[in-house]
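What follows is a pair of complexes built around chain A, which joins chain B in one and chain C in the other.
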Partner chain A sequence: MKTSKSLLSIILIVILVMSFTAMALAQDLDIIPIKVRCRAKPPMENWRGLNFLVAEKDLNADLEAMGDPRRVKVEVIQDNLDWGDYITEFVLGYGAGESPDIWLTGHEYIGTQAEAGRIIALDGIIEEFPIYNLVFDTLWDCTKYKGKIWGVPQDAEARPLYWNKTLLKKLGWSDGEIAALPGKIEKGEFTLYDMLETAKQAVDKGVVEPGNGFWTRPKNGPDFTPFYYAFGGETIDSATGKLVFDKTAGLKYYGFFYDAAQKYGSMGCLGLDWSSAWHPGVTSKVLFWVGGTWQWAEWAEKFLKDLGGEAYMWENFGFGLIPAAEKGGKPNSLTHPLAYLVSSQCKYPDLAVALIAKVTNYGPNTRHAITSTHLGILKGQTEYKFYKQSRLLSEALYMLDYTTFLPNNPYWGTYSTITYEALAACVSGDFTPEKAVDFVVEGLNRELGDKIIIK
Partner chain B sequence: MSKNFQLERETSSLSSFPNSKSFFSKLKSWLLPYAFLSPTLVVVTLFFFIPLVMVFILSFTNLDMTNFGILKWWQPANWTLDNYVKIFTNRFFPRILNNTLMYVSMTLIFFNVGMALVIALITTNINRRVGFAFRLIWLMCRLTPVVVYIMMWKALAGPAPMGVLNKHILGPLGIGGGEFLLNTNPWVFVILANGFIGASFGMIIFSSAIEAIPKDYMIASKVDGASTWQTIRYITIPMIKWPLLFVTTYQTLSLLTSFEQILLLTNGGPGLYETEVWSLTAYHRAFSSYFGNTQWGYGSAWAVILVIIGIIMAIIYLRVFKFNELIQEPKIDQL
Partner chain C sequence: MVLNKFRLNFKSILVYLALLTFSMPIFLAFLWLIITTFSTRTEGLESLGWTLSNWSFLWKSPFGPKFQSIWFVTLNTFLLATVMTTIVVFVSSMSAYALSRMKFAGRKGFLSATLILHAFPSVTLLIPIYFVLRWITKIPIIGQGFPLIGGFGFNTIGGVALVMVAFQLPFGIWIMKGFFDNISWDMERSALIDGASRFQVWWKILMPNIKPGIAALSIFAFISGWNAYIIPFTFTVGRAGKSTVLSVYLQNFMSESVMTEWNMVAAVGLFQLIPVLIFFFFTQEALLNIYGGGAKGGA
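For the complex of A and B:
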C-alpha cells in the first residue's frame, strides 16, 4: 500500500515537472501572427495565399533549427474583391492600424502606397535571401519606385489577342492561314486595322453579329494601354517620373476604337457583366478579343468545362500578340505583375520577407502558374519539370519578349479613368477622336495639373 | 349647493398644486422630455450631423487615396472650391443631372406615387381580405434582400436562351434578337426594379389613409349620385393630401439618394454614364474605381450638392402642398 502511494506520488511529481517544463518552453516561444491578404479567383488562383500556409511550417522549421524563439502563425485572407474595393480596404485598414502584414497587389499601386508610407522598401532585407536572385530582372523593375524595391513579384502574364478558329473557318480561312496568323502578327504583317477588316467581313457575311467582330475587356483596366503603346503612345517620362499623354498617339488610339465601333462592327462589349455576358460572349460568338493568359484557365474551368475544357479550347481558339498599328511595326503585349508588398505596420518585416522567399520558389510558384495559367517569374522556370507540362505557358512565353508595363505612378488611377472615359465615349459615338483627345487633355490638366506632361 | 362646494374645492386644490412642487421635481419635469429625447439626439448627432459636417468639410479638400493619412483635411488652409469647379465643368455633368431628374420623376410619378395610389384605391375597394393579400404579395419585393431582388431582375432580362423574358415571352412572339435586355433597354429595368419596391411604401401609407376616411362621406357621395371617379377626385384625394405630401416628399428624397439597385443592376452603364445618377456618381468617385483612385473629397462634393438639391426639393413640396395649412389645428377644434 505504501509502495503504491509512493509510486503515485512520483508519477504526479513527474507529470507536474513535465507540465511546468512544457509551459516554460511554450512561454519561451514567441508566436508571431502574420496576416496575408491576397486577391485570388477561386479555385484557379488559390495558391497565391495557400502557398503561405505551406511556407509557414517550412519557416518555423528553419527558425527552430537556428534556435530563434519566434514562430510564425499565418492567417490568409483571400477573395475575389474588385481591385478598387481591394485597394480601399487596405488604405482604410491601414488608417485604422489593422493593415495585413503581407499584401498582394498590382505593381502599379506601389507608387501610391510608397508615397503614403504604407509599405516599406525591401532593399537591405531581400539581399539576405538569395532565392530572390532567381526572379527576372524586368519584373524587379516593375516593383521599383524612386530607385528602391517595394515589392516581390508574384506572377506575370501576357495579354494576347485571341481568335475563334471556328468562326475564321466559316469566314473562309484555311487551317494553314489560321495557324500562320501568330507568326504574321509577330512579323508585323497583320496589323490592328487588318484585324478590324477581318472583323468587318465576318459581320458583313453574318458570321458574327454586329458588335462582335472584336472585343476588349468590358470595363476600365490595363488591357487598353498596349493599344495606346501600339500607336506610339508613352505613359511615363523616365527623366521626371511624371505621367505623359501623347496627343498624336492618342488621336490614332481613339481613332482606332472609334472606327472599330462605328465602322467595323466591333466593340459591342463595353459595360457587359463579366460572368453573365462577357465570358460567355468571347467563348462562343466573338471573332477577335483581348484577354489575359489567366483567363485561359478560367474559361476551361468555369465556362467551357462541359464542352471539353482546355482540349476544346485548343481546338477552337488561337492566340497571338496584339498586332502592330502599321505594317512592319512591332506587336506588343502587356504584363501586369502582381507583387507581395510588406506593410509599414508589420512588426516583423524580416519574417514577412522570409515567408515571401519561401513562396518565391519553383515549386510554389509553378503550382500557381499552372493552375491559374500565369507566366512564371523565375529564371529557369521553363525548364522545371512541372512547369513544362503546361502547353499554354510554354506557347505564350515568347510574348514576354514583346511585353510592356503600366507605369508605377500614384496618379495612374486618375489618368486611366479619364483616358478610359474618352475611349468609352468614342465607342458609344458620343465623342469623335478629336473630341476625345480634347477631353483627355482638359481632364488630365484639371485633375493632375503639373503632375502630367502633355506632348 | 354641495356640488358647487365640491367644484370649488377641486379648483382650489388644482390651483395650489404647482406651488407644492419642490425645486427638484420642477427640474425633473423640465428635464424629463429631454431625457426621453436624448437617445435620438445622440444617435442623430453621431450618425447624421457629425458625418454631414465632415462630408461638407471634406468636399472642400482633395482627400483621396494618395494623401489619406497625410492631408490635414480639417485645416482651412487645405480647403478650396476646386471640387465644385470640377463638377460643374465636368463634361458629363449635364448627362448625370438629366439622368437623375428622369430617374426620380419617372419612378416617382409612375410608381412610388402613381402606382401606389392606384393599388391602394383598388385594394381598399375590393374584398378586404383579397386586398390585404394582394398588398402583402406586393410587399415581397421590399422584403427581399436587394442583391437577391436584383439577381431576379437580371435573370428576367438575361439574353436568350437563359433570360426569362427572352425565352418565354419575347422569343415566342418574335420580338427582338434575344439580346441582354439590360443592354438594350437599361432605363426600363432601372425604373421598374426601383418602382416595384417604391410603390409598396406608398401603397401601405395610402391604404391606411383611405381606410381611415369616415365611411359617411363615401355613403353621402353615393347617395348624391357621385361616380367612382368623382368620389376619388373630390373626397378620397383631398382627404389623403397629407399622406400624399409625405410620400411624395419622402420618396423624392429617397430616390435622389438611392443608388444600390442601379449599382447592382447596371452600375451606371451599359454605355458611358447611360444610367449613372447623381448619388451613384458620388459613390463611384468616393468609393469605387478600377485602379483604386478613390477621391473622397471630390465624391463628398457630389454628395453635398445632392443634399442641397434635396433640401430645395423638400421646401418646394412643402410650399406646393401648403404644409402650414395642413398642420393647422382643425377649425372645429379652434372654436
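For the complex of A and C:
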C-alpha cells in the first residue's frame, strides 16, 4: 500500500515537472500566425500558396538558428475566386480587421490599395534580403507607386498571338511559312492588318466560320491594351503620374477592331463564356487569337488532355508576338505581374517579407512557373536546370524584351471600363471608330476630371 | 352505381395522369442528376461510361492537398444551419407568444414592420449588415473567440448564422404567431390560475401544443441555412477558408476562366442535397402542418 502511494507520488511529480518544462519551453516560443491569401487556378497555380508552407519550415529553421524566439505558422487560403470578388473580399476583410498578412494580387491594384492605406510600402525592409536583387528591374517598376515599392513580383507572363497551324495549312500555308511566322512578326514584316487579311481569306475559303478569323479574350481585361500601344497609344504620363488617352492612337485602335469585326470576319468572341465557349473555340476552330502563356498549361491540363495535351498543342499551335501596326514597326506583348503585398494590419511585416523572400527563389518560383507556364521573374532563371526543361518557357522568354505593362494608377479600373465599352460597341457595329473616341473622351473627362490627360 | 364508380375511377386516373405529367420533369431531372454523378459523360439519360471519380471529393480534395476537406465544409454548413435553426425557433416562438397573447403599445406596428423586413431582399442589406458585423468583430470573445462557430463577427460561422437569423425571423414570427393564435385561451388561463408564470405557461403549456409548428419552422430554417449562399459568400473569406460552407465551396468547381467539370458539380450538388432530402423525408408531415395550424379546437 505504502509502495503504491510512493509510486503514485513519483508519477505525479514527473508529470508536473514535465508539464512545467513544456510550459516554460512553450512560453519561450512566440508562435506568429501569418495568413497568406492567393488566387490560383487549381491545380496549375497551386504553388502560389503552397510554396509558403515549404517556406515556413525554412524560415523557422533560420529563426531558430538566430536564437529568435519567434516562429511563424502559415495559413494559406487559396481558391479561384473571380478578381472582382477577390478584391471586394480583401476590402471587406480589412475593414473588419481580418485582412490576410500577405495578399497576392495584380500589380495594377497597388495604386488603389496604397491610397487607401491598406498595404504598406516595403522600402527599408526588402533591402535586408539580397535575394530580391535577383528580380528583374522591369518587374519592380510594376510594383512602384509614387516612388515607393509596394509589392514583390510573384510571376510574369507574355501574351502571345497564337495561331492554329492546321487551319493555316488548310489555307495553303506551307510548314516553312508557318515556322517563319514568329520571325516575320518580330521583324515587323507581318502586321496586324496582315493578320486580319489572312483571317479574312480563311473565312472566305470556308476554313473558319465568319467571326472566327481572329479572337481576343471575351471580356474586358489587360489583353486589349497592347493593341492600343501598338498604334502608338500611351496610358500614363511619367511626369505627373496621370492617366493618358491619345485620341490619334485611339482612333487607329478602334478602327482596327471595327474593321476586324465588320470587314475581316473576326472578333466573334466578345461575351462568350470562358469555359464553355471561349477555350473550346480557340483550341479548335479559330485561326488567330490573343491569350496568355499561362493558358498553355490550362489547355494542356484541362481542355486538350484527351487529345494528347502539350504534345498535341506543339503539333497544332504556334505563337509569336502581337504584330506591329505598321510594316517595320515594333511588335509587342503585355506582362501583367502578380505581386505579393503586405497588409498594413500585418503585425510582423519583417516576417511576412522574410517569408516572401523564401518563395522568391529559383526553386519555388520555378515550380510555379513550370506547372502554370508563367515566365520566371529572376535574373539567371533561364539557366536554372529545371526551368530550362520547359520548352514553352524557353521559347516564349524572348517576348519579355518586347513587353509592355498596365499603368499603376488608382483610376485604371474606370479607364479600362470606359475604353472597353467603346471597343465592344465598335465590334458590335454600334459605334464607328470616331464615335468610339468621342465616347471615351467624354466618359473619361466626366469620370476622372483632372485626373486624366487627353492628348 | 357502376357508372358512378367508373366515373370516380376515371376521374382519379385523370388526376394521377395530370400529376404524373407535371411531376415527370422533376423526376427526370433527379434521375439525370443521379446518372450524371456516376458517369464520365451523358447523352440525355444515357451514361456513356460509368465512374466513381466524380465522387472522389469525398476522400481527397479535387483542388490540391491543402484545400479544406469536404467533411470540414459539411461540418461548417451543419453548424451554420443548426445554430440558425435553434435561434430562429427560440426567438420566433417567444416573440410570437408575446405578439399573440399580450397587448402592448406598438404591437401592430411591430407586426407590420416585421412583414416589411421580410420583403427586403438580402442583397440590398449587405452593406449595412457588414458594418454591424464589423462592429461585432471588435467585441472581445463574442466577435472572434468562440470554439467551433468562431464567434459572431465577420468571417465566422456564428456571424453568418446571426445574419441569416435576422432574415428568417419575420417569417418565423408570423408562422409561430399563427400557431399560438390557434391554441385555446382557456388552457392558458387555467395554468395562470394555478399559479404558473407567463414563462412557465409558454414553455410547459403552449410549446408542447405547437410541436408541428416548431417542426415546420425548424425544417424551413434548416433548409434555408443549409442552402445559404450570398450571405456566407459575402461575409466569409475564401471559398476554401475556415468558415466556408457547401454552397460557396461548390463555386470552386465553377470558375470564370477554368473548364467546369459539370459531373463533379452534380455530385457535390447531390451530396449537398442528401441531408435535406433525409430531413424532409422524416418530417414532411410536420411540414405540411404549417398550412393547417396547431392544436385542433382552438379559439
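The criterion applied here is as follows: the second predicted complex is superposed on the first by the 441 of 455 C-alpha atoms of A that agree within 3 Å, B and C clash if a C-alpha of one lies under 4 Å from a C-alpha of the other, contacts with A are read in each partner's own complex, and residues count from 1 in each chain.
Methods note: a contact is a pair of C-beta atoms (placed from the backbone, for glycine too) under 8 Å apart; a residue touches a chain by one contact, two chains touch by 3 or more.
Please read all numbers here as calculations on a predicted model, not as lab measurements.
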item: Superposed partners chain B and chain C on chain A - clash or fit; value: clash
item: First, second, both or neither for A:Ile453, with chain B first and chain C second; value: neither
item: Partner chain(s) touched by A:Val441 [first = chain B, second = chain C, both, neither]; value: neither
item: Partner chain in contact with A:Ile77 - chain B first, chain C second, else both or neither; value: second
item: First (chain B), second (chain C), both or neither touched by A:Leu171; value: neither
item: Contacts of A:Gly95 with chain B and chain C, given as first, second, both or neither; value: both
item: Touched partner set for A:Ala277, first chain B, second chain C, both or neither; value: first
item: Most chain A residues touched (candidates chain B, chain C); value: B
item: Partner chain(s) touched by A:Leu134 [first = chain B, second = chain C, both, neither]; value: neither
item: 6-14, 24-32 or 78-86: stretch of chain B that collides with chain C; value: 24-32
item: Doubly contacted residues of chain A, that is, touched by chain B and again by chain C; value: 82, 85, 92, 95, 276
item: Contact set on chain A toward chain B in their complex; value: 82-88, 91-92, 94-95, 108-109, 112, 115-118, 209, 219-221, 270-273, 276-277, 410-414, 416-417, 421, 424-425, 427-428, 430, 439, 442, 446-447
item: Chain A residues within the chain C interface of the complex; value: 37, 41-43, 46, 49-50, 53, 76-82, 85, 89, 92-93, 95-98, 100, 274-276, 279, 298, 302-303
item: Complex contact set, residues of chain B against chain A; value: 65-70, 86, 89, 91-92, 154, 158-159, 177, 180, 183, 266, 269-272, 274, 287-295
item: Partner chain A, residues of chain C touching it in the complex; value: 62-67, 130, 133-134, 137-138, 153-155, 233-235, 237-242, 252, 255-260
